[in-house]
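Below, chain A partners chain B and then partners chain C, in two separate complexes.
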Partner chain A sequence: MARINLDTAAVESREQRLGTVVYWDGNALELSEKSGYSKKGKCGSGCNLCEMKGPFTQPSVCSEQMVECQAGNIREAVLIQHAPIGCSASQTFYNTIYRIGLASRGHKVENLRISSTNLTERDMVFGGAEKLRLTIEDVWNHYHPKAIFIGSSCATGIIGDDIDSVTEEYTEKLGIPVVPLHCEGFRSKHWSTGFDQTQHGILRQIVKKPTKKQEDLVNVINLWGSDVFGPLLANLDLRVNYVVDLATVDDLASMSEAAATVAFCNTLGTYLSEGLEQAFGVPQIRAPQPYGIAGTDAWLRDLARVTHREHLVEDFIAREHARIAPEVEKLKKKLGGKQGFIATGSAYAHGLIEVLRELGIRVNGSVVFHHDPIYDSGDPSQDTLAHLVDNYGNVDDFVVSIRQPFQFFTTLRKHNPDFILIRHNGLAPLAARLGVPAAPLGDEHLAIGYNGLINLGNLILEIIERRRFCEDLSKHVTHQYSDWWSAQTDPGILAKHPELIWEGIDI
Partner chain B sequence: MTQHPSMKSESISRARYGCAVGAMQSAVAIPGTMPIADCGPGCADKQYASLAFYNGFQGSGYGGGASHPSINTTEKEVVFGGNDRLRELIQASTKVLKADLFVVTTGCISDIVGDDVASVVGEFQRRNVSVVYAETGGFMGNNFIGHEVVVKAVIDQYVGDFSGEKEQGLVNIWTELPYQNTFWRGDLAEIKRVLEGIGLKVNILFGHGSGGVEEWKTIPKAQFNIVIHTWLGLSVAEHLSEKYGQPFLHFPTIPIGSIATGNFLRDVGKYAKIDSKKVESFIESEERDYYKYMEEFSEFFSEYFFGVPSKFAVVTDSAYALAITKFAVNQLGLIPVKVILTENPPEEHRESIREQFRSIADGVSIEAEFIEDGFVIEEEIRNSDRKPAILFGTTWDRDIAKEVGAGVVEVSFPASYEVVLSRSYVGYRGALSLIEKIFTVTIGASA
Partner chain C sequence: MQFGCDPKSDSTNTLRGGTYIPTVLDTLREKTKVNAHEVVYEGFNGIYCVEAGGPSPGVGCAGRGIITAVQLFKQQNIFEELDLDVILYDVLGDVVCGGFAVPIREGIAQHVFTVSSADFMSIYASNNLFKGISGYSRSGGALLGGVIANSINQPYSKEIVDDFVKRTDTQVVEYIPRSVTVTQSELQGKTVIESAPGSAQADIYRSLAKKIAAHTESKVPTPLEISDLREWAGQWGKHLLELERSGSVAETLVKV
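Presenting the complex of A and B:
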């Protein structure tokens, strides 16, 4: 695969590296073939994956928010938002998840440490570099952090502040890594570039050349989920190094010493996994993700291979299969035949659909917020979409849509599922108004591994009871959509016929 | 590059407001109205998720959240300008959505690259499409500033000129900032209720008690405007005074409790020339209920074995801080030890705000400080000679409150540990809820 280029401060955007699309509809098999990753469909390569584009759009999420939720959630570090004050509003969100994550992992609960340079109109004229220097000095004097991250903004990107020079100056002056993160929202159409940019900065300036190897240490790239990987990997005599959220700067620095890297979701982990492999020789797992029985089996076997635990893994897998079988059977009886719907990030959706189908739940539709035709390793063994289609069958209605409730309004009414699984804000409120209960999956580890089947099954049993609340609500709400839009059955109609918006208008 | 004219740091950690474009939430607060976010891909989500979600979990309403239009600016619009894309999005919005009024709110990108939003929106206005625009680039100030821009945009571009008769007894209310104030929905309902109680007809303008744009169209007919805030809305009232010849009454203190609310209603009644018997009769009936509860509460307050704390600090915007401080001092007999005002009020209003805190009650005076940075706020509380036992603040203050042993009553943005529906902290009924909250927090933490 392409070299991860650590020479420049700005990461290559996800659409440049992976050909990421944010708007497409069809079925999962077709998308898998057109991606040309492990499957070579009729077209033979990814060249036919045409992205749609329409005239009507609703709010998305930006790369800077993903920088906040990663670099802003590292213990003993500070993130500076080099931006007007509005970019700081989302700190409230990331503070909530940080506090809940700290509590869940047994760390001291405290507010996150993010500071804004608070740029105003005159800074747009004169430039904001001097205010950046003053803010770096503030956070150094206030907190003496072990690292300072500097996130850029749309405003500083346009006025052309030279963040790289300032970070170099202060890396030298303070003797700690001062890391520039170029995350202007307009620069990438999908927010996951913000993950990549944070991880790029960490690879360039935080991760240390290994002085020793820790043969039992595994980097787990995740967010703030509960400690599920720790007990799971203990069965293979392995320890976890959770990164990036809630990690300390030293945890990040020592990633190079680990025996392997895994991720709860390839969308999040693709860049850092590949970077650690290329730059520091830490192997990543060449398997799909640990969701469902087949996925978890394959994932554990590859992890055992890489960490030389083959002697432990088969026995563990057999024990786990036997352990969960009765509980899974019970859940299947209760959930079999129910209809589920998934609306989450891309690779995560692939994993969740596998778990639902193992529980006997029908999944005919899914909305994913983007699609990466390939991952950074370029290794077809990581093709999560093909793994889903090959092992669990096609998903007939597979929509790539970057949130966009107006499309979800059309899609969800068509499917009318018993419940939906959702991650990222923006869509669950609409589902409730349409009478469909949604589980928000704030703890991203809930569905991982063998226990994931049981955890998710039990959660769904709770959630479907909320249908009473949602159905009652749905009888009393007014939707925002016009009669014309409400009558549409194709969520992509405006992309196919953008001229429709001017129908009947004489200009 | 030119040297920066100011060498003073203005950094802010743990911000307690949104930016000017956060005033898209003010458009959302007008029933049936929808913002069109002329912004980057994350701007609308940031403002909504913070002001309306992790702040009492107020919700998106009809026109907010992820449902309103947003340009989600890309590199293309940055380089080539966004006029065509804005035209396309406004037109598409009229096709896909139902809204009585669209309010285009511009963000940093559009304002820096200099898109001609006025002329694009003008094309639609000439076709009688209900759409206005407000220049709310985030670098221009916070959502308090943006709110006044949005309000004036709706008045000037939508409500328009007026030459008809004024309607006696009709008043326009300009008070708390919707969404920023976690309790604005309940508070506005209570303000409307008590003013109707003395016989006025009330244009509350925002929230569930508002009639939406139809109500806004009657703004020019009102007999007068009432500004109930330390400063927000004053420039709107002055604008209306020029535009429609309407006088206005200014109450820096949002009334909480029977004393403040009674005095407020008497002042308004006198100004509106309402029969004082009618005013007194309403006050009497409200006080009858209020004092029944007070009488019963007094048992807890005087007899709770382990005592209840007295010293309190307030860390919030100047209007809520003043309202709470006056109530806590004048009606509960609590003792203020620290007042920190966090919303960055315009310089010209600061001295009058300080004066208000210097005369809370006979013999009770406190020097209010204007601080926006979270670190400095914490240092102020940490180093204060007199430590509070009750801290009226935000989620950001939980750590420092714990450190100094105070209970937190989250009263403003961000209040991420409060689920708020119709709860109010103002007027007669809100005062009762506030008392419940203060003492549930304090005794809840006791053992």
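Presenting the complex of A and C:
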């Protein structure tokens, strides 16, 4: 795979590196074959994957917000949003998540430390660099952070503010890393480029050259999830270094000392894992993600191989199989034959579908918010979609759609599942209004590992009890969609027939 | 490599027989994933030609276009891959926004050479550019190698540019006379070196190229304040009037 280029401050966008698409309609097997680097033994990549074009896009988020929820969630650091104040609108939302995350991991609960340069018309005309300097001085005097991240914005990207020079100047002046993060929303069609940009900045300026190795330390790339990896890896005498969210600056700096890197989801972790491997020699686990029994087995075996713990792993796997078997059997009896639906980020959805199918739940449909035809390693063993299709079968209706509620409305009505699992909870109320109970997976670690089957199974049992309530609710709500749109069965009809828009149809 | 950083996209035109090449931004408009090699074209004498391109006049943001195009090349390590001897960024004289300043910022170009005639507006633009160079020099930006004095056909033109570089603490790298050979070559879609290699004008360009190739030390210029520049221009205006009255300078009119 191409080398991670740490010479430039701005990361290459996902679509440029990986051929990422945000709209596609078909089945999982077809998508896997067209993405197809594992099938063909090399990156066929994005090459054969034709992205559909819809006539409009409903709400989304942007790279800047992903920087906010990653770089803004690093303890002992400060994020400055070099932006008009509107870009900071989501700070309150992320503050809630940050505080919950801190509490769930047993850290001191505190507020986010994100400031804005509050750029105005005058700054757009005359440049915002002086205001940025002033803000850096202010946050330094106020917080004395161990690192300062500077997130750019569409506004500063267009006027060409020289953020790189200012950050270099203050890195020298303050003696701490002052890290530019080029996250202009317009640079990428998918928000995950914001993950990559944060990780790129961390790789360039925070991670230190290792002076020693910690052979029992494993970097776990995650968000704010509860401490699931710690107890799991303790069975292999391994310790976890959770990054990027909720980590300290020192935790990030020491990533280079770890024995391996894993991620709860390849969508989030692919860039940092590959960067740590290429630039600092920290191997990444290339097995499937740790979802379901088969996935967790393979993942643990690969982790044990890389960290030289083969002597511990087989016993542990056997013990865990025996431990969870009775509970899984009970869950299968209760859940077998139910129909589930997944609407989450890409690689995470692949893992969740595997767990559901191991519990005997039918999954005929899924909406993922984007699709990466390849990950940064280029290694077929990380092809999570191919792993799903090859080992658990096809998903007949597999839609890539960047959170289009009007399509989601039609898709859910078409499938009418017993429940849905959803990660971006803005869509969960829509499901409830359609009579479908939904579980917004706030804790992304819920489905990880062997306990993940039990956790997820119990959660589903809990939510399907709300089915009656949701059905009652659906009888008493009205939807904003027209009779014409409500009668449609194909959520992609406007992409296939954009002329309908100009024929005066009312959605 | 010659890298045109002008939305008009005509910088490399005479290296390619008068033809326009597809620009980086045109290609980006057509597809989201671009291999930078696709927008590198070989021109006269093995020179690689690239045009950043940009929006039509009056729309969009040409400065952002420069940022996008240069970033693409840096991210894909094209300059290293092609093992280039020299990269020449042909940049607009009026650095009207941060985007157009990208090539003179840290990590892109090493030296800046400013092409200026003795006309006041050209000197004025050069002085503005010196301000930008001076500002970026504090953060590792490219420094000024000197002025390439263009259209120098009269002794007073040379004196004006000489005086300007003295006051701004820089130097003239070469004096280029205005020549019909340039016009002829351009109309043929060629450079002077290609169309008239034996001409006197070609010798001057070769001399300039040798000086730039041998150049190592650039410096921070000391641009004039606007009021000082106006005063300086006024003094030259008076001086030229005196020269005209004394018959040392004659207005040349060409009947068309």
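The criterion applied here is as follows: the second predicted complex is superposed on the first by the 495 of 507 C-alpha atoms of A that agree within 3 Å, B and C clash if a C-alpha of one lies under 4 Å from a C-alpha of the other, contacts with A are read in each partner's own complex, and residues count from 1 in each chain.
Simple rule for what comes next: contacts are C-beta pairs under 8 Å (C-beta built on N, C-alpha and C of every residue); 3 or more make two chains touch, one makes a residue touch a chain.
In this text, all values refer to a predicted model and were calculated from it rather than measured experimentally.
Participant: After superposition on the shared chain, which partner residues are touched by A:G127: those of chain B (first), chain C (second), both, or neither?
Facilitator: In the superposition, A:G127 touches chain B and chain C alike.
Participant: Contacts for A:S60 in the overlay, against chain B (first) and chain C (second): which applies, first, second, both or neither?
Facilitator: Only chain B; A:S60 stays clear of chain C.
Participant: Pick one for A:T96: touches chain B only (first), chain C only (second), both, or neither.
Facilitator: first
Participant: Is A:E168 in contact with chain B, with chain C, with both, or with neither (first, second, both, neither)?
Facilitator: In the superposed model, A:E168 contacts chain C only, not chain B.
Participant: Check the residue A:E15 against both partner chains and state whether it touches chain B (first), chain C (second), both, or neither.
Facilitator: Touch status of A:E15: second partner only.
Participant: Quick check for you: in the superposed arrangement, does A:K189 touch first (chain B), second (chain C), both or neither?
Facilitator: A:K189: touches chain B and chain C.
Participant: Applying the touch criterion given at the start, work out whether A:Q407 contacts chain B, chain C, both or neither, answering first, second, both or neither.
Facilitator: In the superposition, A:Q407 touches no partner, neither chain B nor chain C.
Participant: Check the residue A:I158 against both partner chains and state whether it touches chain B (first), chain C (second), both, or neither.
Facilitator: both
Participant: By residue count, is chain A touched more by chain B or by chain C?
Facilitator: B
Participant: Which residues form the common part of the chain A surface touched by chain B and by chain C?
Facilitator: 127, 158-159, 189
Participant: Under the stated contact criterion, what part of chain A meets chain B in this complex?
Facilitator: Those in contact with chain B are residues 54-65, 80, 83-93, 95-96, 110-111, 113-124, 126-131, 134-135, 137-139, 142, 153-155, 158-159, 184-187, 189, 191, 403, 405-406, 425-427, 429-430, 478, 480-482, 484-485, 494, 498, 500-503, 505.
Participant: Can you check the complex and tell me which residues of chain B touch chain A?
Facilitator: Those residues of chain B that touch chain A are 1-15, 17-22, 34, 37, 40-51, 53-55, 59-60, 62-63, 65-75, 77-78, 88-89, 91-93, 95-99, 107-109, 112-113, 127, 137-142, 374-375, 395-396, 398-399, 413-414, 416.
Participant: Within the complex, which stretch of chain A touches chain C?
Facilitator: 3, 5, 7-8, 10-13, 15-16, 19, 46, 127, 157-162, 164-166, 168-169, 189
Participant: Give every residue of chain C touching chain A within the complex, in rising order.
Facilitator: Chain C reaches chain A through residues 32-34, 61, 63-64, 67, 71-72, 74-77, 97-102, 105-107, 136, 138-141.
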